[in-house]
Structure formats: structure tokens, C-alpha cells
Amino acid sequence: MAVDLSYSDQVTGLVAKTEAFIRDHVLPIEDAHGGDITAAGGDAVRTDLQKAAKDAGVFAPHAPIEYGGHGLGMSDRAPVFEAAGYSLFGPTALNIAAPDEGNVHMLAHIASDEQKQQFLAPLAAGDVRSAFAMTEPAPGAGADPNALNTLAEKVSGGWKINGRKHFITGADGAGFFIIMARTSGEPGQRGGATMFLAPADTEGLTVGRHIATLDKSMLGGHCEVAFEDLFVPDSAVLGEVDQGFAYAQVRLGPARMTHVMRWLGAARRGHDIAVGYVAEREGFGSKLGDLGMIQKMVADNEIDIAATRALLTQACWELDQGSHAANATSIAKTFAAEAIFRIVDRSVQMCGGLGVSEDLPLARLSREVRPFRVYDGPSEVHRWAIAKRTVGAARKAAAAKAARS
Amino acid sequence: MAVDLSYSDQVTGLVAKTEAFIRDHVLPIEDAHGGDITAAGGDAVRTDLQKAAKDAGVFAPHAPIEYGGHGLGMSDRAPVFEAAGYSLFGPTALNIAAPDEGNVHMLAHIASDEQKQQFLAPLAAGDVRSAFAMTEPAPGAGADPNALNTLAEKVSGGWKINGRKHFITGADGAGFFIIMARTSGEPGQRGGATMFLAPADTEGLTVGRHIATLDKSMLGGHCEVAFEDLFVPDSAVLGEVDQGFAYAQVRLGPARMTHVMRWLGAARRGHDIAVGYVAEREGFGSKLGDLGMIQKMVADNEIDIAATRALLTQACWELDQGSHAANATSIAKTFAAEAIFRIVDRSVQMCGGLGVSEDLPLARLSREVRPFRVYDGPSEVHRWAIAKRTVGAARKAAAAKAARS
Amino acid sequence: MAVDLSYSDQVTGLVAKTEAFIRDHVLPIEDAHGGDITAAGGDAVRTDLQKAAKDAGVFAPHAPIEYGGHGLGMSDRAPVFEAAGYSLFGPTALNIAAPDEGNVHMLAHIASDEQKQQFLAPLAAGDVRSAFAMTEPAPGAGADPNALNTLAEKVSGGWKINGRKHFITGADGAGFFIIMARTSGEPGQRGGATMFLAPADTEGLTVGRHIATLDKSMLGGHCEVAFEDLFVPDSAVLGEVDQGFAYAQVRLGPARMTHVMRWLGAARRGHDIAVGYVAEREGFGSKLGDLGMIQKMVADNEIDIAATRALLTQACWELDQGSHAANATSIAKTFAAEAIFRIVDRSVQMCGGLGVSEDLPLARLSREVRPFRVYDGPSEVHRWAIAKRTVGAARKAAAAKAARS
Amino acid sequence: MAVDLSYSDQVTGLVAKTEAFIRDHVLPIEDAHGGDITAAGGDAVRTDLQKAAKDAGVFAPHAPIEYGGHGLGMSDRAPVFEAAGYSLFGPTALNIAAPDEGNVHMLAHIASDEQKQQFLAPLAAGDVRSAFAMTEPAPGAGADPNALNTLAEKVSGGWKINGRKHFITGADGAGFFIIMARTSGEPGQRGGATMFLAPADTEGLTVGRHIATLDKSMLGGHCEVAFEDLFVPDSAVLGEVDQGFAYAQVRLGPARMTHVMRWLGAARRGHDIAVGYVAEREGFGSKLGDLGMIQKMVADNEIDIAATRALLTQACWELDQGSHAANATSIAKTFAAEAIFRIVDRSVQMCGGLGVSEDLPLARLSREVRPFRVYDGPSEVHRWAIAKRTVGAARKAAAAKAARS
């Protein structure tokens, strides 16, 4: 037992294969879309890419082995997902895009055998996509989950769900939904929430408009979803009634970290493009990459990449130990979302006019990564949670000390 | 003689009329475009808007009175242009969008009477648009103007121009071009440059593709332009031969500042939207606008707005005194481009999911303002110029002191 | 009426004389103290310096002409005070150090003729020093003035004051105190406060220990002060009873700005030293001042200096118009305190090992300027106040709009 | 083989013992010095502290077991050194203060058996202190080691050294010096350097004045040292002739990291004090620690602490694998020096007036940590080195790709 930051040969090999697959197979397809990265190319491209990923032996690194995946833990996912994120189409190719990847993770942990058969198996195989319906329009559950006001009412043989969601990633075309609804307490209080599984074609479930956002690459969009007297049977309860907030934690920590992994790959690509550019471009009697102000940006990118990776490593290891790692994932997510934004922004700046044009992928990447500072909890909410823990611990320690004396 | 930061009644009145015009007439039209701000709505919308601006008495605040404008100096332009910039369609409406506004400014200073009649008069009236063709693809003139390699060769009765430009704003649909071409020296050295006036339909002048960029609102796009044996007569020389770099200074300082004015208006709009949102939106048992982390963002925006305005005031006053104000405009432009970006970015963040969506104008504004840190000289080039002056002055002072002792 | 940023010949002349006086007379004395800037050299040095300043015609630029000063308004003080602040001993020399300068300002505005004769006249002349006793130890008035709990009780013929103050600048050796005490309401509420004038030797007034702080240059230190049944007659009331918080505003805005002026001078000195160093020092095959990362620091300093000055100009002009300028002075103070810190910190960094040593004045300056982000209201309190006004105005506007429709 | 961030029971136990020792034994002694942390209390206090550390079983965690230490590798040192750094007197107590700690490390790697007996044994035991004489006054070796101009000339039976050093930490009172001197090439070129061992009382070695700096806690100061015809025998050569720059790398990487460990402990103490303060202090109708702007500072400190630790972990692991880890240690050092400064600075700010006073240790800590952004290579030099590697690698990759096609 001692600090060890090496990866097994299995992981090292999978990273190498993933890098090669992205470089040789996925990036050419992304590039062929000429800057249009809408929905990662769409479901047809997705099918082709996933077939190729299966052929290359890099498909579903995160899924349980019994469902055709590689069964990697969080620590081992980090370098593989980062390699996949190098292309905006990469996560789709490996079937590790949000929200499917997080849903696979959660179903593997919580679902009943029957539910696994019905929902997890086809999802892990890429046969269907899925959505996770939690966020609501004001005054519902946004950054503050206690505001949840989609209601599930107990009826004979099941539950009747009513409410409205928005920003539901992947909803358009999803095969099924995981729905978070209130089953006790009042909006604004914690109370109890429950997760329900519902096939997309269940009566009373309507996918509304796509909410256009700065990011465009998510397959299935960010949609409005309405539940109007949606009936689900008792067997649709995921886990136990009123335990939805606790289960959300099972999903949230890892989902934050896999977001970081993928976006870090995207940021690294931006950085690589910019470094390649300044390494050769002449200006002011020098190569740009030999000028101090450019060197500062290059170095700051390297520092941000290294720090993001290091925080990710720490949080993933804690998750692998069985912890919720709420604090470590908040820290890593907050730092990473801001660092990734800075990395891409500096990469844009290094390339000047080209950087803000669509002739390079940098402008596109800058749009894609910006929302990460909001999605999965805005930086402000994570900072608030981190500070509450820290200040709370100080108060507890002071009280304990006072009690001793 | 003493510090006075008040404006004349004429200016105060024009600001008020411009604010009302933007609010009542222009913003509704921008909003009606539903997030599509491409080319500020296009030339048809432009014609309508400019007619309305004339009716409202706010058209062409910068143009000489004899050409139908209000004849405002730089200091007085600041609050008027900021008010116009509050809508992305506002500068087009008032005929003060780039590059026309800067071209009016330069033609008013340098053009011959005949050239004024032919080019300035219709431009000031909004009858035609124009383009300023300076920036070139690598290895030509970009951030480093000495790399200029479009060549103008003296031929009988005029000049023959060959070369390629890119990022030429407004080129598509422009009535005429101001072309910067080398008339002495070698690319990489300073040498001499000359400005030429050429109608858009001159043989040998071709407008190529639009370079897609993060910003979309510029009418006429950012285009590639080619000159192939383009002949212009001697009367097409703007000012004197070989004086192009000096004339560029006449245009650059003011053009930087009017960019700041317009973008500051856009940033202020983003800020106003965000403040309006957090003032009312509930979350975490409070209005968001009463939470400390949100208050910090609000205050930082106010500080950035105030500092941008204050630096602008300083630089404009220097310009109005007849100085090139190279240092003051570099300082104001560099600070402003970064501050405006921060203001819009914080505004996005304050609005969370809505902020990154197209349901509010914030995402759009964030794309529009990003390139300003590159256009009109990247921040790095301005910082380099500022530091060179400062360090150079220190060396001169040290040498003078040494000589005295 | 139009924007004018020029100064009168009187002011320009006074700035030039002050610069020469500081360079030729004050800096040599500061330097002779070999890094020990405790209490600006002490009262003996102060007497000598003030005599020299009178001889040089630069003494008391802020004091009313009838009290021997130059009678400058806030706008005109800015460049003069900045010139004086270039030496840490300069403000003392010109009699414009805190808190005397702010006390002169306030007494000139509020004191009765008799009070002016007794207190303002000798203070303006440099015959005595003074202190302003407002800040209290926890749980009293600190950043939150409503917590004021020094009490003044009405007794026959006057008032009896009890309470404790701390961080009272200049208390040790002050000839008299201006004391802020509660005369109505309860600690924690606003209620009413009153200002009282008390000679230092009044019974019941005790100056306690000096609180050692990062800054050392303040004459008279930052002291604890106790009032124990301190009796002051009715004639000691400054202005009117219960109006103390309002009068504090008269003092606070200008006092914030003069702090900015002086510290800006100090920061500029640090910058000049660093620029002089990097202009000549060799390293990495170049002069340091020609390396991009150093150039970035130089330029950022220039930008921070310019922005601080520009915000100062704006706020001072508002003050000169008779406004309390609460928002403009909060903005300028907050930006300035942080910018000045950055300027000095970058200057330290540019000089490397020498920068952190006492062989240059930079380490000393870095200690001196740090507390300014706390004194005169911490940045957080100013940001809170700025945001409250902004959000409050947005709510008012929304309510007005709702009322109209 | 898989990522593992746990420590062995030995290390965990040593950390716990160190924390208890610092809390119960060292901090009270530091506090008893009442803010005077000069030279960590001096050599007498050092002797007492080291005796106590031996009794507590926490002495010399880094030294080889055969020399009485715990023999910890770099990864294992991290938490122990951080615990020791919690008090400014802690590293001295454990005999892991700079420069002794780094010298132990280097001697253990490079010295001959005889040299180990003579120099390493007493140093590891705390019987003597030592100094590492590399840095020179301008125009010698500072941030740029190639400027080395202390010369060692081969003479019969040994070497004759002439030159001047400055900022030599611990020189006053050191028992011996490790001297870096040029043995081939010219100042300004790389050439060859050699390290020599010299007892402090060798003729020709003079310790000059202490250079006063912002930090005060280093025992033996930062001194000027002169070598005038200093003769050392051939047996004084440490390792091989002309290999000094390579050996410096052996020392530099680990020394950077142990600096980070110790200062991180100091920063964490500042943070703990500030959090304890805001957790209880009332203001603005709340506890300060429940206000958003304070929570932001608390969370940013937590993030900076976590990121520093994570980068440290990465770099130490690389060092333990036998790599020089030049890039990883540059990244970790640069980030850490800036993060540690921010942590302490925010801690000062959270405590307001108390924060800038000497009544809390925060002002003192803020002075102590500032120079770390300069010592061990200024941030600018590390960024330059990081960027050079990155851009160089990009060029190499581009050339390789070009060669393939």
C-alpha cells in the first residue's frame, strides 16, 4: 500500500487503442461534418461509429462486463474517456456520452434484475438511448434540487406522474426516461423523491421543443418534457420509494467526473491545435510560440490540464473506494469546468483571427465547453456546498473543543 | 479650465433619443429575429432601420454636419454609440457600424473633395456600405502590419494591385473598398504603404467566401477578397503615396474606441438582463440577487462597466485634443475587450441554464463579444506595444540621467 | 460644457512643484531611513518635512485658503496627492496623510466657527495631529457601522462617553479626537450616532497599545483607544446630534478617494523602480524588459494605473458636483485597492530576489498597500453595497414597469 | 497495478504523530515568540525542538534509515512535511527545513562514503546546518543558471574558487557549504559546473550581510557569501567534475516539492484560522461564514489546497519512479507558489483588520509565503521552461509527421 499512479496494462492498452480509434476513425468523420457538430452527427452516424468502436474493441469501457463492456472503475475510466473526448463525436462512438453513460452507471448500481434486462442491457449495447429527467423550469428543481415539484401520486398498481422538465439532455429519440418526481414533502423542502423508469412511448409523456444552447453536440438535444397523468406500474420504481435524492448522489458524483474526463479531452484537443499553430506561425520576427506572452498561455494551459487531471484522479479514487466523494467531486468539477474553459479560451486567443473562425475547431469548442460551468451544478452552487462543509466542520470542531474544556 | 465630465445638452438629448429609439424601435426588431442576428438582419432591415433612425433624428451622429450627420467628436460619441450598441442592430440603424463608421471618419480627415463627393457622401447617407481591406492571410499583414504583402505597382496613369486579403468586414455588398497595399519596401520591413479607393465592381476585385466566425452580426460578413491586376487611377490614391501606415493610425485609434463604445452597450444589455433575472428569481431560500456570490458578480460587472467607460473617456478626450492617443487607446481597448467579455460571461453565469440557452440573448452576446479580444489588435499585441513604450521611456530617462552626471 | 480632462495652470504648477519636492527633498530622507519607514520617520521628521513643504509652496493643498491651504477641490487634489504619495513620507510632508487630511475636510464642512478656530486651524497648519475614532473591536462597529456600541449619554451640560475603539490611526500623539458614539437606537440597528470633538488630554480618554499591522508608515500608529466616563461639553458636538452617520458619509467618500490618490503614487513608484530594473537587467540572452512575460506585467501595470486614475477622476468630479458619490467612490476604491496591490505585487515579481528583499523599497511597499483592501471598507462590503444598489434599482424599475401595464 | 492514493500505516502513523507534535509542542513555542518568527527562533530553540522531535519519534522523516531517519520517499514525505509546515518552526524541529533537507537528499544520492561520513551524518542528525551556494548577484547565476560566474580553477591537489554568491539561505551558522562553481565554459554559456564541499571555517570563505527579505523564518538568513582564493582538495568534489548542472537537477526537483509541502502546511494553517474566525464572527445580520462572498473565499481556498496537493502527489510519484520530473515539478511548483499565496491572501482578507494585524499569524504568513513565487525559480522561468518543452514537442511531432508523408 503506497501511492501508485500507474495504470494496468489493460487500461494502458485501451487508452492507446482509443487514441488510435479517435485519430484514425472518429476525427475524420467529425471533420467531414465541416464544423456542423449538431447532435454529434445524428443517430445514423452514431450507429456507424458505435459499430466501428465495437470492431476496434473500445466500445463501452464503463459498462459491466456481463453487458458487453470493459467494466472499468472510475480511476480507469479517466484516461480512456479523456481520449474519447478528444473528438466531440468520440463519446457517442464509445457509448459513453451523457446522459447514457451516467444512466448505465446508475442502473448497474440500483436497478432490479428485471429492470436491468429491460433497460440496462439495450442501453449498454447502444441499441437505445436514454434520458434523465430531473431539471425543471422555474420555480422547480434547478440548481436547488429541493424545489422539485414534479409529483408522483400513488394510484392503484402504480403511480401517476404530472409535471414539467426542461434541459433534458438526449430526450429527443430516447428509448426510455428515468424520471425524478416528488413522492413526499412539499416543493422547497427536501422531503422524498423517487426515480421511475418509463419507456418513451408511454402515454402522457411528451417530448417538447429543443432548447437551443451554446453547445450543440449532444445527441437528442436539451429538451422540454411534459408528464400529464403519466402512469407507471410499481415495477417502474427504480430502487426504493422516497430514496431518489440519495440515488441521485450515486449518479451525480461519477457523472460529474465523466463530464470532466470528456471535456478535458476536448480542451486538450484545442490546446494541441493552438500549440501546433504557434509552433510554426511567424510574426514579430519570431515564431509565435517563442514569444513570452504566447509561452505564458501555453504554460498556463499545461498547468490547467495537469491540475484538472490530478484533481480528477483524486476524486475518482475516492469514488472507487465506495465513497460518494461529494466534496472531492465538487472541487474537481468546479476547478475543471473553469480550467477547461480557460484552456479553450487561451487556445482561441493564441490562434487570433483563425481562432475565432470556424476554419479551426476552436470557436466550436469554446461554445461547447462554456455551459459546463452551469451544467451539473453551477460553480456557485458547488462553492456554496464546499464552504458549508468547511465552515460546518470548523464549528463542530470548536464546539467539541469547548465541550472538552 | 478644470476637469469637467458633463455633456452638452445637445449630446444629452441625443443620448436620450437614441436610448428611446433603440428600446422602442430597434430591440423589438432584433427580438423578432428570434436569436438570428446574422448580418444585423440583412440589407433590407438595414434600409428600414436607417430610415427610422433618420425620422427619429438619431442617424449618423459621427458624420460631418455637411454630410447629414451630427458632427460629434469622439468624447461626445461615447455615450451615443454605447446607447446604440445596446442592440446588436443598433449600430447599423444609426450607420455607425464597423467598418463604415471608421471609414467615414477617415475619409472626412484625408479624402480629397472629389473623393468625398464620390465616396464619403453616399457612405455617410447610408446609400452604400464600404470595406477596409488591410488584413491578409499568413504570412501577410495580420497583427503585425509590417508583413503587408499586397503589392501596388506604378503603371501608366495609375496603379496595378495584386494580393489577397481576408477577414474583410462588410466586404459582401460593399459599394467600395479602401485597400491598403505596399508601395515600397519588402514584406517584413516597414517600408511604405498606400491606401487606394476602388468601387466594388472594378475589374480584378473579387469578394470570396465569408469566413464563419463566432460573431455573426456584422453586415457583409468577414470575407476573403482577392485583387488580380486590379487597376486604379492615380486619383484613387487616398492621401499621399507611401503614407498608408500613418493614415491607418488616423483610423485605428478612433475605430478602436468606437468598437469599445458599441460593445460596451452590448455588455450593458447583457448585464441588465442578468440583473433583472437575479433580482426576481428565487433559489436557496432567497432571491438570487441577494446571495453573496451573485452580488459579487453584479458588483464586478458594475466595476468593469465603470472602468471601461472611464478609460474610454480618457482616450476619447486625448483624441479630441488632436493626439493619435496610441497608448491611451491601446490601454482602453485592451482593458475594455477583456472587461466586456467578463461582463457578458458573468451575465451568462448568473442566469444559469437560461444563460447558456438561446431563450435569452446572453449566449448570443457571449459569442459576439469574444472576438473583440482579437479584432483591432489582439490583447497581446497591444500589451507588447504598451510595454515597449514604457520600457523605452525608462531607458531614455536613464540615459538622460547618465548624460547629466 | 463638454468633457474636459485638463487641469488649470495652478494645479499643473502645483503638481510639478510637488513632484520636484518629493524627488529632491522627501525621497532622500525616506531613503536615509534605510527601509525603516515606521511612522513616516516620526514627529520630528514630520516637523522638518512640513517646514520644507511650506518653503516649497506645496503645503496643505487641500486645506481652505483661509487656513493656509491651496483650497483645491477633489478633482484637483488627485494629481497632487498622487505626486505626494510617491514617497511614503510625502503625505506627511504635505500634511495630507490620513486621518488628518480627512479630518480637515470634514471640519471645514461641518464644524462651527469656534470649533474651526480651536481644532481646524492648528490641524491645517500642522501644529497638531488628530484621530478619527470610529472602528470598534468585535462585536462593535467594523465593516458594519450599525454595530456601533460606544455610547454617549446625555448629562447636564454635555455628554458622557463610554466605549472602546481600535485601529484608530494616528491616535498616539494626536492633539484631539473626533469620536463617533451612539446617541440613539441599539447596537445592530442603525439608530443615531453623533460626532464629538475631544482634546487628547481630556480625562477618561486613554490611548492604548499600537496594533502592529502589515503597514508601518502611519504616524501615530493604529491604536486601541478607551473612553471611560469621558465628559465632553455640548459645544463638543460636531454638527448636530444623531447626524453622525450622515456626516461620516461627508468624510468617507473623499477620504476613500484621497487614500486612492496617495497609494496610487506609491504604486507608481514601485512600478517605476521595477521598469527601471527590467529595462537594464540582462537574463536569458536579452534584457528582461524585452521578454514577453515581463512585458505583460509592465503593460498590466500601465493598464491598472490608467484605470485607477480614470475611475478616480470620475468619482472626484461627482464629489465636486456636491454628490456623496457613494457608488462611484465604492467602485473606485474597490478597483483601486485591488489594482494597487496587483501593481506592487507585479513590481516585486519583476525584480525577483531583489524584489522580495529590503534592498529595494518594493517589499516594503507591498506590505504597506495590502491593508488598503481592508481599510476604509473591505472590498467585500463595497461590492455588497454596489450590488444592493444595482439589484434594488432593477427591482424598482420592474415594479414601475408592472405598475404602468 | 492500479491507481492507489492511500498511504501505508507507517506513513499514516507518522503524519498523526507529526500533527500532534506540531499542535502540542511546536505551535505553543512559535506562539510564545509573539509574532517574532525570526530564524525560526534561533539555534537554541532549534536544538530544543529537535530534541523534542526525536523524543516524539518524528525527527528526520526524509533521511536514510542508516543515518537515523525514517527513509521516506517523496510521495510519503508529502503529508508529513505538510503537517510539519503547519508551524513556521515545524520544519526546523523535524530537521526538514531548507536548505538542509535538500542537501541531505542530494548528499544521500551523490556523495562518496567518506563525504557521507563527514557531511551527511552530522547534517542528518541535526548536529550541524548547511548551505547551498548557487545564486549569484547580477550579472551572475540567478534565474538563468547559465550565467554562473563563480570560477573554480584546477590547482595542484585541488581547486581554487573565486566568486560571490547571495541569497544563500542558512549561510550564517552553517557548518559547511555546497558550492556551485564553473569549471568549464564561459558565463552565459552552459559549459560545465562542479559542486564542491567546504567546511564553513575554510580560509577564503566569508559569510557577509543578511539580505533582509519579506520572509524572516529561515534559520541562518539569506546571506551574501564570498569566496576569495578558497582552496578545496580534490576530495571535496561532490560527484564528478563538470557534472554540477546535472546534479543540481537531482536536488532541484525534490527541493521544489518539499518547499511546496511545507508552505502548503503554512497556508492550511492560515486557512484554518480564517475559517475558524468567520465561522463565529457576526456581521451584517449573520455569521460571516454564512455570507456568500466569504463562502466563495473559503471554497476557493479548499480548491487551491486540493489542487496543490493533487499536483504534488503526481510530481512526487514521478520522482519516486526515478524520473527528474522536470516538467511535473515545474508545473506543481508554479501552481503551488501562486495558490499558496492566494490561500493566505484570502485568509487575511476574511479576517479584515485582524487579518492585516500581527494579533493573528496571518499577516506574518502572508509575508513568509510571498517570496516562494520567486525562490526556486520565478513563476515566469518555470512557465518559460514548460512552454519550451510543449512547443518543442509539437515541432518534433510536426517534423516526424512531415517525414512520414
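So that you can tell them apart, the chains are marked A, B, C and D in the order they are listed, and the count of residues begins at 1 in each.
Keep in mind that, in the parts below, a contact is a pair of C-beta atoms (placed from the backbone, for glycine too) under 8 Å apart; a residue touches a chain by one contact, two chains touch by 3 or more.
Just so we're on the same page, UniProt names per chain: A, B, C, D = Acyl-CoA dehydrogenase family protein.
Note that this is a predicted model, so its numbers are computed, not measured.
Set against the C-alpha centre of subunit D, every other chain centre is closer than that of B. Set against one another, A-B and A-C show the most C-beta pairs in contact at A-B.
Rounded to whole angstrom, the centroid-to-centroid distance between subunit A and subunit B, based on C-alpha atoms, equals 39 Å. If each chain is reduced to the centroid of its CA atoms, subunit A and subunit C end up 51 Å from each other.
Shared interface positions of subunit D, defined as residues touching 2 or more other chains, are 291-296, 380, 383-384. Interface residues of subunit A, counted against subunit C in their complex, comprise 291-296. Every residue of subunit C that touches subunit D in the complex is listed here, in rising order: 35, 135, 138-139, 142-144, 147, 166-167, 188, 211-215, 222, 281-285, 291, 293-294, 348-349, 352-353, 355-359, 363, 366-367, 370-371, 373-375, 378-380, 383-384. Remark: subunit B residues 1-9, 11, 75-76, 272, 275-276, 278-280, 289-290, 292, 294-296, 298-300, 302-303, 306-307, 309-311, 313-314, 316-317, 320, 327-328, 331-332, 334-335, 380, 382-384, 386-388, 390-391, 394-395, 398 touch subunit C in the complex.
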